[in-house]
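A short write-up of the structure that comes next.
Labels for the chains are A, B, C, D, E and F, by order of writing; each one numbers its residues from 1.
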Amino acid sequence: MYAVEVRDHIMIAHSFRGALFGPAQALHGATFVVDVAFFRAELTDEGVVVDIARAHEALKGVLGPLNYRNLDDLPEFAGRNTTTEVLCRHVFDRMAAAARAGALGAGSEALARIRVMLHESHVARAWYEAPLEGAAGPGARVQVQA
Amino acid sequence: MYAVEVRDHIMIAHSFRGALFGPAQALHGATFVVDVAFFRAELTDEGVVVDIARAHEALKGVLGPLNYRNLDDLPEFAGRNTTTEVLCRHVFDRMAAAARAGALGAGSEALARIRVMLHESHVARAWYEAPLEGAAGPGARVQVQA
Amino acid sequence: MYAVEVRDHIMIAHSFRGALFGPAQALHGATFVVDVAFFRAELTDEGVVVDIARAHEALKGVLGPLNYRNLDDLPEFAGRNTTTEVLCRHVFDRMAAAARAGALGAGSEALARIRVMLHESHVARAWYEAPLEGAAGPGARVQVQA
Amino acid sequence: MYAVEVRDHIMIAHSFRGALFGPAQALHGATFVVDVAFFRAELTDEGVVVDIARAHEALKGVLGPLNYRNLDDLPEFAGRNTTTEVLCRHVFDRMAAAARAGALGAGSEALARIRVMLHESHVARAWYEAPLEGAAGPGARVQVQA
Amino acid sequence: MYAVEVRDHIMIAHSFRGALFGPAQALHGATFVVDVAFFRAELTDEGVVVDIARAHEALKGVLGPLNYRNLDDLPEFAGRNTTTEVLCRHVFDRMAAAARAGALGAGSEALARIRVMLHESHVARAWYEAPLEGAAGPGARVQVQA
Amino acid sequence: MYAVEVRDHIMIAHSFRGALFGPAQALHGATFVVDVAFFRAELTDEGVVVDIARAHEALKGVLGPLNYRNLDDLPEFAGRNTTTEVLCRHVFDRMAAAARAGALGAGSEALARIRVMLHESHVARAWYEAPLEGAAGPGARVQVQA
């Protein structure tokens, strides 16, 4: 299996609900350095997994609506804790939709898996990895938010 | 699959037996930067894999008896080389026991896998990854050493 | 000149005033990985610049009141932007006071300089470095906030 | 599963064919920091995955013919783009051959998998990972290029 | 003294003349991760050393003409080895001109020093650091190439 | 001022005397990642600070007698704590002698300063930096131990 991974980052505010989080229940924030890896069994004719420039652009598109925001104010996270894990899944879902819709280039519908990793500090990080099920065909209803 | 990973470190002395090890047969030492990743198919209601604060505490508990020690003197390693690989397994076994005993919080019995990675320098590292078999039930006999 | 440096981190929310800051005028946040370096011309009898364990403790004491907070709410930053540079100076002033008051151990009054560096992402960081003027004598009025 | 990973690097020139590559169609270059990970279900009697010193040597042998070269001039890459992904596979094939031929030490024929990761910058990297099929027996025809 | 530092990178080909360089006399290449630090005695009213967004833009402008190029073909390097050290100075000169011309924002003429660091691999880097002499006044003849 | 820096590492055992060191009074060990930076006002005709290959060789020569050793057994450290700071100075003295004796190449007698930095973990490091006083002339008595 081949993989290629690109990096970007966001700087956000948020707070958590639940005694589990201790002092992180207060409004605080984080820099998340975000790595997105794309997996594919075979390379394209050009010799790549995906067009890395388009992958960077797609990631920037997904992160833009989160960057320099207080995540507590965003409707898509209403009623949920925006933990590092939850944000991994959020970015995964949008990158997967972008891939299925062909936003990463001609071969991106053949991607096998995507992994999204968020580094929250030099001592903690989280990730979410899953297969991409079903390329976007003519009748596909996926909607790219990137 | 979701994962969350925490980092700590130890500074130990040890020596190896076997011509394979060349100059490392002499008493020397290492700083091991230790990453422990916890894998789980679904998040808890709070939106986490495990309570990261408790994970850090559990890791500190496992590393404490090794830190600032000459591993050649510790009974649990008698007759074995404390290679980076062997230490990965040592930390894994204790973190797995802690997880099964619920030391990482209410949901930790649902963890699917653990990976323990030890960085021994800027050019070498090792890891051990395996599934966690069997959550600790009422009659579980596992003993947490952390 | 000798130096020793220790690392810790904080996760905070804040916002900036001024068109210069563009989207960062909104409430957002950051993880700051904080490095504090202590400079001294000669080593102590034990062979150190300062007691590294006490240095870690002093840094934790200085960072504690900032960690998991919205810096916009803290009186000590009223009317000021808590830019990375301003926070470097804030941590410097408190670490310098700690040093002058002997909080880093017996020899800490002989420190020549301190440098505080805050990494805000994988592509940006800032620091403040200055000499320590005047050790705390019997009548010193400095107050350690750590 | 156990793994051990070693690091080295190369500095090469190359160019790409295909509109996909934009400005990278021109002759340019890269530093590739190369990590090779060896996976094995059980450790050897000495407590290792492979002899790390021999692994470093084997990697150096594989990278030597590429280092300080213009890859456009090398016959083994004629007609192909030497993308990061393609180079991962190139290094994988040669490390796999070295493993099957026993160049990593007595136990290297029992390796389960190899992963080769090339870091091309602080924001992009690629890797190739696959099982090692078939240890080199008496009649094995594999030829080690390392 | 305050400092703020931003990071970008380039991927270039080049060759060196001189027996000193051994195999690096052949056409090869490098990824240079480039850090530029700006030093200033006091902060601006907004609390910054320079506008970090404009600093990133200025750096991108300086690196653009080098990126994805064979430096052996560029007239500005004719007759010189484009070593890591020489490239540090090249980037320094252009960033200094940009600063003197006010390209980093209103306060950039008050910068005291600039340091340019190029990382060529995980085991080698170089830098050039010097004071900025003379802000650009009305009659200044400096020409910003960024 | 120009600088070039090279990296290597050692893995050693040692113990410390003095209540200051707490648990580190016991025999333990460390991986030290070692960076040595060479400073020079002007570049050589070839465009370098020093021959980086010879710098790497000289550093390897200095580190060799320490690597895979228990520093408590080495006569040169008798009666002293081999703290990170003390080891920085040890490596500095030997690298300075190598430079003065011309071991880094023809121009190495013109070096202005050397800095030796030892990283002991992901959260602590130390360094020693000083001018190089006096190049090795015909009658110089310095003895290179590298």
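The working rule: a residue touches a chain if its C-beta (ideal position, glycine included) is under 8 Å from a C-beta of that chain, and two chains touch if they have at least 3 such contacts.
Predicted model, so just to flag it, every value in this text is computed and none were measured.
A.B. asks: Taking E-F as the reference interface, which entry in A-C, D-E or C-F shares over half of its contact pairs by residue number?
C.D. replies: Answer for E-F: the repeating interface is C-F.
A.B. asks: Give me the C-alpha superposition rotation for chain A onto chain D, in degrees, nearest 5.
C.D. replies: 120
A.B. asks: Can you compute the centre-to-centre distance for chain C and chain D, using the mean CA position of each chain? Integer Å is fine.
C.D. replies: Computed value for the inter-centroid distance: 44 Å.
A.B. asks: Could you state the distance in Å from the CA-based centre of chain A to that of chain E?
C.D. replies: That pair's centroid distance is 33 Å.
A.B. asks: Counting only residues that touch at least two other chains, what does the list for chain F look like?
C.D. replies: Residues 7, 122-123 of chain F each touch two or more of the other chains.
A.B. asks: Which of the residues in chain F come into contact with chain C in the complex?
C.D. replies: Its residues touching chain C are 16-18, 20-22, 80-86, 88-89, 122-130.
A.B. asks: Within their complex, state which residues of chain B touch chain F.
C.D. replies: 7, 9, 11-14, 23-24, 26-33, 67-70, 120-123
A.B. asks: Going by the contact rule at the top, pick out the chain C residues touching chain F in the complex.
C.D. replies: Answer in residue numbers: 1-8, 43, 46-49, 51-53, 56, 105.
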